[in-house]
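Across the two complexes that follow, chain A remains constant while its partner is chain B and subsequently chain C.
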Partner chain A sequence: MEIKIEHGENLVISLKGRLDTVTSVELGEKLEKEEMNEKLVIMDMKELEYISSAGLRLLLTLKKKLSPEGKELEIHNLNPVCQEVFRVTGFGNILTVK
Partner chain B sequence: MALQRNSKLVTKKFIAYLIPSILMVFAMQFGSLIDGILIGQMIGTEALSATSLVMPILSIAQLPGFALGVGGSIVIANLLGKRDVAKAKKVFSFCLIMAFAISLSFTIASFFVSKPLASLFGEKSLGYSEPYVFGYLLTNPIIAVAMVYGSIMAVDNNPKLSSALYIVANVAKVGIEILLISLLSKSGIYWATFGAAISTGLGYLVGLLTVIFYIRSKKRLLKLTFKMKGAGLKEIMKASSTSALNMVLTAVQTLVVNIFIGMLVTSQQDLLAYGLISNMVFLFELLCGGVANLIPNLCSIFYGEKDFFSLKSLTKKMFMITIGITLVVTAVILITPQGYSFIFGQSDFSNFDHVAFLLRIYCLNFIGYEINKFSMNYYPSVDKNAVSWVVVLSRELVVVLPLTLSLLFAKGLEGYCWANVLNETITVLITCVFIFFYNRKKKIYKGLLMLEELNVVSMDVSLDNEINNASVISEELTKFALANKVPERESQLVGLASEEMVNNIVTYGYKKNVHSYIDVNLKVLEDKLILRIRDDGMPFDPTKYEFDEDEDYSTSGILLIKKLTDKMNYMRVLNLNNTVFEINTKGVTNNGN
Partner chain C sequence: MKKRFPILAKIGILGALTSIIAAAISIVVTYNSAAKRSEEALISRVNNCLDSIYFQYYTSDEANELIVNLVTIKEKTEEVYEKVKDIHQSDYATFSEYEAAMKSKAPWFYPDPTSMIGSQEFLAFRQQYIQLNSLLTNAQFSSGAVSVFTAYFMEEKSSYVFMADSRYNVVQKGEFYFLVGSSYTLKSTDVLVEGDEESYDTFSLNGYLTRKVEVLTNDGEYVATFFIQYTYDAIRAENQRMLIRDALILFGTSLAIIGIIILGSYLMFTRNIKKVTDAASKAKERLSKNEEFEAVSISIKSNDEMRTLGESFNALEQQLVDYIAIVKKEAMEKERVNAELGVASKIQLDSLPSTSYYDEKVRVESLIRTAKEVGGDFYDYFYVGKKFVVIMSDVSGKGIPAALFMMKAKELLKSNLIKGSSLKEAATEVNEALVVNNKENLFVTSFIGMIDFEEGKLSYVNAGHEKPYLISNGEVIRLDGNSNFVLGGVEGIDFVEESVSFKKGDKLFMFTDGLNEAINSKEEEFTYENIQKTLEDTTGASLKDIISTMTKRLDEFVGEQEVFDDVTMMVVEPGVSLHLSYDKKDYSIIEDAVDKFNESFDDLSIEVKSKVGIILDELMNNLISYEKREDLVIDLDFILLDETLRILIRDNGDDYDVLANHKEKYANKGDDLEVGGFGIAIVKDLAKEVTYEYLAGHSVMKIIMDLK
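Our next item is the complex of A and B:
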């Protein structure tokens, strides 16, 4: 999986490939080291082909980390398969999906 | 990473099933051996010869329990492989009730037919043979029920209980036999022999206590039902036919051949050789019977699942083990017939040349004997009963009787030994020729194993139980599905199902540092994808899994795939978790050719 992180007005994390059992650990380790000073963190999933429950758990952990700091997490550009995963798990209700 | 299928998971299961099976055969063979010794020592040699003579009648009496047990377990294993538990329950109930009912009719008949039947073997020994036949038939329903349970428990995830039944039964039988003969011999030989006869049934009654553990077993799938409509009588009869026919013909053949041997074999050396030859059969049964017992159970399940990789791999292993043991023992007897005879108490080797010569000839028949036994067990398991019928008819009737009798008349016991070698060899050849023409006629079966070619696009791999493999298999299955023109959504879903399931198995299925394997199979059919995941981790039924997360969202991978796949099935077969997912597809253009 390719991970691109851009700091600016918002923090934009672009993902390409698959967010699965292995790559969610890699992404988690990378985000752990990243300074997140922006108020809004955008996960751009335009090029993300696939997400499993391991990826969802990572997003949940990130949201739980950002919320107490008054920061927000938005998920952008989900493909139809990932949208379906968000829908059946209820993640579409707890995360801001655009 | 190159993913390949291996047989390590099913081999682990094979080994786990093999040990109880060997112990079971040991218990049964020693039970018979000690039975003979006890009758001979405690009642007398006349009683021993009288009870040996009526053995064919007892074999026929055992027929309902034995044939319905073996046949029923083949059909049930096949149905479990196809995940049809409802029908498997009907077959189980039908076999159990039928075996009991038929045996009970023998018991009722025993009050009227014991004497006339026993008198067929001579009026002189009637004092022993009549109570033996009567006592055995009286307890026959218990033996029949035990035999059915013994066979069925092995296929229904409880091979250790199946072996325990036979071990407990045979140990108990010896104890009961000693007790009854001691107590009843005061009342005369009739009652002492009667006591010896009922000890088998009473031993099995004690053995049936293991059924209590089976009924309480969480791994048990089969329960007794009285709704037996649609049990598939034809299938049961077909699967039972080989063992039934074999049992009847063996009894007839033994009877006829024994009569002529009794007439023609008279010299001291020939009698000694004949005793040692009879023990040779016992020795080979003892060493190879454990593997032979496993063939119907394992092969039927994998045939039902259409998992021909496991089927071929295990069949090859079982065949190699059987033939390997046979070759080693044959070589030992050829090199040192004296050493073999010593095991059976022979210590005087003066004038032993003729006996040694006969033993060397006779031991040559066991390579063919084991191949033919293998065939009789294997072919009904893969629904090719015609082949096993050919084997049985050839070796028990068509070839053996005329050949044995003519050679016995021409050359005495030496002729009998050669006849056995020729009989087994000719039967192997006849079987091969029959398979060749059968395959050519039917066109869909291939090779000696006679398995049909599966024209299905499929991916078959084995994984080590490592967490990274959850991602690897997911990606590979998705790529494979896409390459076979499965739509994007369904290709991703099959990857997702495999990842979530493998992740769950690796994380929760095993104790720390336990290394094992997970078999994954994906079939791309015209209208759906079928994903089968098999593991030997702790029993886990994902279809019954509920996640008690107190939120309006869920992070459970199992719940996710339950919702996204169209069908999810689970079954614990051969003590392995088997989870099968189905995902409906639309617009698949590749038909697999």
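Our next item is the complex of A and C:
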């Protein structure tokens, strides 16, 4: 799994590969260390193959971390399979998907 | 049944018709011989008359008295004749003048009619005369004659001299006397009856039909002649009466003959015919009712054609009985043979492997249609170690011989290959074995292929068989390698083995000539072109669809035409399946499993692969996270079947149905969500079907993914 983090006006995290049990741990560890000063964090999933519930858990953890700080999390460019996962779990309702 | 017309009735009618015709002919003939008939009638009457005359003289004495009488009268008449022979009535103008002339010649003979008294001589003579006259009158009366008169024949004059007449009673009329002594000479024109010219017995006289009968003494001396006269009307009436009588006699006789014929016919023919017809109708009835049929012997005693018929009938009936028995036996035999053929056909078809076969390595679909109950086509497939053998064959000929040869060829091929022979060796050995004792000169064409999955290669020997088609990367190619001679033909053939690349995604379509040579009503063949086109149209289809499309097009092509040859086809492709086993309780195995799956099922869509990735991640994560035992072993199987992907996840952990025990969780805006608990919901959504069961100490999760 490739993770690309770009700081600027917004924090853009681009994911490539799978966001699953193993990679979500890897991503979680990476984000733990990352300073997030931008008001908006964009998770770009354009090149993400799929996301499992472990990945969803990570996203939920991230949102719970950002919300108290008044920061926003947006999910961009979901492929159909990922959209289906978001739909069936209701994550499409609690996360901002664009 | 139509009413029969008995032979007896026919004979009767025939007899009646014959008799009627005969009677008619007789009547005509009789009419034609009327003249002869007249004489017969006359003779009959004369006899009556003579009977009447002799009746009064039925003793010889009395007859003698008549003769004496006649002789006396004759002598007196001779005397008178001598006196009056020159006096002719035609010479006198009136009868009185003639009478006077006669009286003057023989005064003693012609007395005064008023006094009736003459001389003693006359009185004696007169008495005799009255006696004769009364005799003649009686005779006339009783015989119905017009007159009966007597004359005597005078040889020197060839004339008859009149003696007495029944019509002229001597007491009442005197004038007849003047006829006594008158003579008459018979003229040739008086002769009436043909053939009587010699005797002049019958003739026409004074317009009457006349018959003369001579009276002789006992010594044969001529005395006098009686003349008996009839009118023609009387004779005609007599004739008619006799005609009717004869016709009646004829008719009666005919009836009697008919009766005799009918009775005779019955006794001689019909009775016997009836025996035959009775026996025949009885036989017919029993046959039609399908009853047990037994021969009934008829006995005919008459020594004629009827006996021949009866004997023939008996013989035929016996033959029929025998024949029925033979037919019944043959029908049973045929039934038995058919039943055995059915069994043979079943054994033959049972000897073939299933038409469908799927495992993780290989997938096979086939179809066999036999034209007769047992045919010569066969297909076969089996593993030899890790390699998979496919065989498509066609035995020359059809029916039982072909079937037996086929079984032999099939078993020989299989046993040789299973013991480890190469295709070339196997073909050679089978050929040698089949050539031995092959007196019927049967042979088999065979395509023998061996798939090596690890090397992605198909090795094959084609022994004179139809070249199969290889379907690879959307293209259909005829497997145009070396075609060897057939198996079982001749000894010592050096079979050539060849090979071609055969990998996952490739398919091999084999068939027998029953497919390409199938003909329609216009005698056109199905041809390789149609096979090729059908395969090109179905490159992306499942094996079942390829076979069913080919069959459908074949059926449409052939139509109502009778199928003469077996049709067999088989399509094979390497199975796309994967087996993985992990005994490490580590999350890294999930990544490994997903990677290996993606590698093996490269041609599946990204969407399906992603879904499988998610499912594996969720379920394996659950196992690794929650299963307590440390020696956890997880086995994974991935099998492509038809339009589905089947995933089996087996572990040696506790019996825990995660599907039943998970809580439905769905995130909504504003929820204060706990982390986790969405995995099973995702799996259920992405899979077409998910089931759990605990089997033989293992938890088994079965997932079916739809590939469409």
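Here are some notes:
Criterion: the second predicted complex is superposed on the first by the 98 of 98 C-alpha atoms of A that agree within 3 Å, B and C clash if a C-alpha of one lies under 4 Å from a C-alpha of the other, contacts with A are read in each partner's own complex, and residues count from 1 in each chain.
Convention: contacts are C-beta pairs under 8 Å (C-beta built on N, C-alpha and C of every residue); 3 or more make two chains touch, one makes a residue touch a chain.
Quick caveat: nothing in here was measured; it's all calculated off a predicted structure.
When the two structures are aligned on the shared chain, A:49 is found in touch with chain B and with chain C. In the superposed pair of complexes, A:84 makes contact with chain B and with chain C alike.
Looking at the shared chain after the overlay, A:34 reaches neither chain B nor chain C.
Residues 18, 20-22, 49-50, 52-54, 56-57, 60, 80-81, 84-85, 88-91, 93-94 of chain A contact both chain B in one complex and chain C in the other.
Residues 467-468, 470-471, 474-475, 478, 488-489, 492-493, 495-496, 499-500, 503, 551-557, 559-560, 563-564 of chain B are the ones touching chain A in the complex. Partner chain C is touched in their complex by these residues of chain A: 18, 20-22, 25, 49-54, 56-57, 60-61, 79-81, 84-85, 88-91, 93-94. Interface residues of chain C, counted against chain A in their complex, comprise 587-588, 590-591, 594, 606-607, 609-611, 613-614, 617-618, 620-621, 665-671, 673, 675-679, 681-682, 685-686. Note for the complex: chain A touches chain B at residues 18, 20-23, 49-50, 52-54, 56-57, 60, 80-81, 84-85, 88-91, 93-94.
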